[in-house]
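Quick heads-up: structures coming right below.
Note that chain A is present in both complexes that follow, paired respectively with chain B and with chain C.
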Partner chain A sequence: MDQLNISEKVTDRGAILVVEGPVNSYTFTEFQTKVYAWSKKADLVIDMAAVTSLSSAGLGVLMAAIDDANDAGRKLWILKPSEIVRMAIESTGFADSFAVIGALREAF
Partner chain B sequence: MRGQSGGARNPRGSRARFRGSRAECPSFERFIDGLECGDGSARARLRLVGGELFDNLATHAAPLRGGMSVRFGRNSAGRMTLAFTFRSARYRAWLKAPGPSLPSWSPVEKRWRGLGLIMVRNLSSRVEHRAGPSGDRIVVTF
Partner chain C sequence: MVMIVSGFMAALLLVIFGAHAEASTATRRLGRRTLGLCLALAAYAAASALESMRGMMPAMSLAADVLRLAGAASFASLSLGFPADRQAPVARAWIWGAWFAAAALLGMLRLGAGIGAAPLRTAAGLASALAVLAASIAIILFPDRALDRDERPRAAVFGMSGAVAALAAGIAAFLPPAFAGPVALASWVLLGVAGHYAATTDHVIGPYEALRLLLVGAAWTLSVGLPVGLGAWWIGRILPEPSWTRFAALGALFLAATAPAEFARRRFFSALRGGRRYMKRLEEDLAAIDLDSGRESVLDALEQALGEAMRFRDFAVLYENDGELDALRCPGGAKPRIDRRDPALEHLVNLGTTMVSRRRAGDNRNYAIVRTRLLEIFDLLQADVLVIAREGREVVGVFGLGRKLGGADWGRYDFESLARIYGKLFVFAYYLRNAARAWVIQTVDREIALSDQVIRSVQQNVDRIEHPKADAAFVTRSTRRLGGDFIDFVKVSEDRWFFVVGDVAGKGLNASMSMVILKSTIRNILKTEKNFTRLVAKTNAFVKKSLPRGSFFAGVFGYLDFAAGNLYFINCGIPVMYLNAPGFASFVEVQGDGKVLGFVRDIAPHLKTRRIALAPGSTLAIATDGILEATNLRGERFGKERLQRALAEFHSYEASKGVDLAVKAAYDFGDGDVEDDVTLFILRTKA
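Up next is the complex of A and B:
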């Protein structure tokens, strides 16, 4: 899968972004725009089960969004990260900063 | 991208050539996906580390005279290797410039810096940079 697809769902408890495909230097601008927009205005779940790659640029977006959410009194969860996402997060040494969940009910 | 299997000369390896632009990220990922590298974990490492280096070269070394060659193989110990061969004076200068030793937030650029470097370090066992008159080479051993 070469293309990045991001679908948005809004519930009464928060927003859900379902991300599919690669988050790399070629695609991360769209990822950044949507994650930053939602992390400041709602509790946010990012479903990353179908993410096929995650570059340092994409990881940086997640880390900055977590800080933004905290500053705004919001929460941000990573739902069902794929193996490559989990590996990328753990490789940075910042895994404790990420709230990883296995089911949506753990967030909302 | 022009891909080429090693065939009979190198049955465990394969290689591809790129112009060296960020627009080729999807082609690079397809090259990695086509490698016979074992399990999904090995491929994930190749994708993450290879993708970071490919992006760094496209960003900090372009324009690349003659493009960039990427070769996957295994060393005598059976470990996976990924080698990038190119020619770039800009890359040599960038290599000498001081960079962040640890990931940090840049308030000016409004982005995290140094994450890619630490990803590459932690997901590989060795990264060698070789620069010389015949060209530049980065070899990653996993």
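Up next is the complex of A and C:
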């Protein structure tokens, strides 16, 4: 899958972004725009089960979004990260700071 | 009241008139003297008016004295340049402090508090006196702090004391008739704001700045001073006799007012005080500049982006060319040339200065020994601010930013913004220097050559490890796009090298700029910070605070000590650090746990310094993640195991050949298509 697809769902308890495909140099901007847009204004779940790659820039977006959410008193969860995402998160050394969940009900 | 208003209006008109004075130093000085005289007259007019109200409002007598002193101080400070230009900041801080102290003393004596037995005439007057006394103590005790705080140090001090004065004036306004107090208060605040701004700038106040500051003063008056004054008036009604109870009630009111004042400051005044915010737009505009569009286009775009944001008049750019700094652009078409070893520039480099304003050059003692020459350079470039693009001690270029339109000042926000985009300006300076060299344009692929040249110049500028006990080599490749990988070596002594290998997260030009900024910053920190952990902690703080949102650094900081055969390092998220020492069967991972820089504000608790003994015959390999992520057509990653095997296979070669072959193996695996930047460093120790 070369295309990045990000679908948005808004519930009364927060927003859900379902990310599918690669987050790389070509697709990073769309990922950044949508994550930043939601991280401050609602509790956010990012479903990354179908992410096939995550560049360092994409990982930086996640880190900045966590910061934004914390500053705004919001929560940000990462739902079922794919192996590649999980490895990227662990590579930061701050895996504990990423709220990783296995099911949506753990968030909402 | 008429005199107060007319006096103040006269001051304002002259302020605006002065704004149209042109840039010559003599005219500006004349403008300042006119303004000083005007303020003094306004103060005396206001004082006379207040004095005439003494029958109705005893506290106004104190206000009149204060205003007289303020007028005298303004006049002395502004008109006479007391006592000499070089010492002007210190002298002004002291004269303002003395003014506050004298006012306080006068108030105490007038109220009888200073001579013991006499009763308090009004508790409100004492509150005013205490307020100005507190402000004066703060200024007198901390003049150095005030002066070194930022580009407009006195503005910061008087911003604080102005708030105190507004509250004090509000308290003084509690006496009837109801309108007299607010008018007197408004005069105090407005006059104070104008006077304080006039005293804190070398420029005549521009209409925009004057209006903005007057609005701040008016907002303070309405939202804080007036409610406090009304509260005090109400206290005076229910506690009509001067007493300690009334004094305590007024004091409580004063303290209680600090909470809404702070709220108002945060919510409403910061934007007013700071003026236009342009940082985000400026960063976007700079990032959008296409380096492939040609030197003149890049210069035009750069000037337009900076000019639209910061609204200055003239723009000058010098670039390094064979030891000289040549003008690429200069007001009036001049082509000045400055020696790169010019004493003034050398002095700035020695101080670690990357930007300096004409004002700071003129009155900061750090620049005293090169002041004349430095001001000549300002005049040469018709600039009010110089930005020195340098890497280590090498000046790559100089940007001169001229006077602001409308006579406005270069303020704190401007300098914070310049600090934030400094790395980008540095890259532009690098670009302009290299773009000016025709051979680059002619011989390298146009698509990415110029940008790549910038990055390569930075990446290759390292103190290479050349030591009898070492064989070291590295490869850094940015693929398709500009990258964020970097490697740097700094020779500390004959046997010791400091090094950094890592990757700045981000995309394209921004990542490259961040890389350039970070490399330069680490070198600067290294000059002053000898504690290894603190050096990394400061780097973390810089990444967090100063690089674009979402930036982080994954890499390793290390010290190589060949005399003792040791490597000390702090892992900050480097994915690969292998060691093959005598007795080892293969390459083993040695990096341990590490945390990337730029995620948390304080990284110090997470840092661990490790030591590895590098026995003769050992091989150390460090790589960023790009080499691991080379992916073949089946979607398989090159990964750590394949890298380990490649390193083992090429173990017998020299380091330079080993890195080439190992990187080639990764590229071959990925069919030449490697998404991320690749950096590999190999060090072999010899007996």
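Definition applied: the second predicted complex is superposed on the first by the 108 of 108 C-alpha atoms of A that agree within 3 Å, B and C clash if a C-alpha of one lies under 4 Å from a C-alpha of the other, contacts with A are read in each partner's own complex, and residues count from 1 in each chain.
To be clear about the criterion, a residue touches a chain if its C-beta (ideal position, glycine included) is under 8 Å from a C-beta of that chain, and two chains touch if they have at least 3 such contacts.
No experiment lies behind these values; they were computed from the predicted model shown.
With chain A as the common reference, the superposed partners chain B and chain C clash. Residue by residue along chain A, chain B and chain C are tallied for touches, and B comes out ahead.
Touch criterion met: A:Glu83 reaches chain B, while chain C stays clear of it. When both complexes are overlaid on chain A, the residue A:Ser97 reaches chain C alone and has no touch with chain B.
Applying the stated contact rule after C-alpha superposition, one finds that A:Leu17 touches neither chain B nor chain C.
Judged by the touch definition given at the top, the superposed model places A:Leu54 against chain B, while chain C stays out of reach.
In the overlay built on the shared chain, the residue A:Ala107 is in contact with neither chain B nor chain C. Comparing the listed stretches 224-232, 548-556, 584-592 or 602-610 of chain C against chain B after superposition, the clashing one is 548-556.
For the contact definition in use here, the residues of chain A common to its chain B contact set and its chain C contact set are 24-25, 53, 55-57, 59-60, 63-64, 67, 91-94.
On the chain A side of its complex with chain B, the touching residues are 2, 22, 24-27, 52-57, 59-60, 63-64, 67, 83-84, 87-88, 91-94. Those residues of chain C that touch chain A in the shared complex are 481, 484, 503, 505-508, 511, 549-552, 554, 573, 575, 593-596, 598-600, 606, 625, 675-676. Looking at the complex, you find that chain A touches chain C at residues 24-25, 28-29, 32, 53, 55-57, 59-61, 63-64, 67, 91-94, 97. For chain B in complex with chain A, the touching residues are 22-23, 25-26, 29-30, 40-41, 44-45, 47-48, 51-52, 55, 58-59, 103, 105, 110-112, 115-116, 118-119, 122-123.
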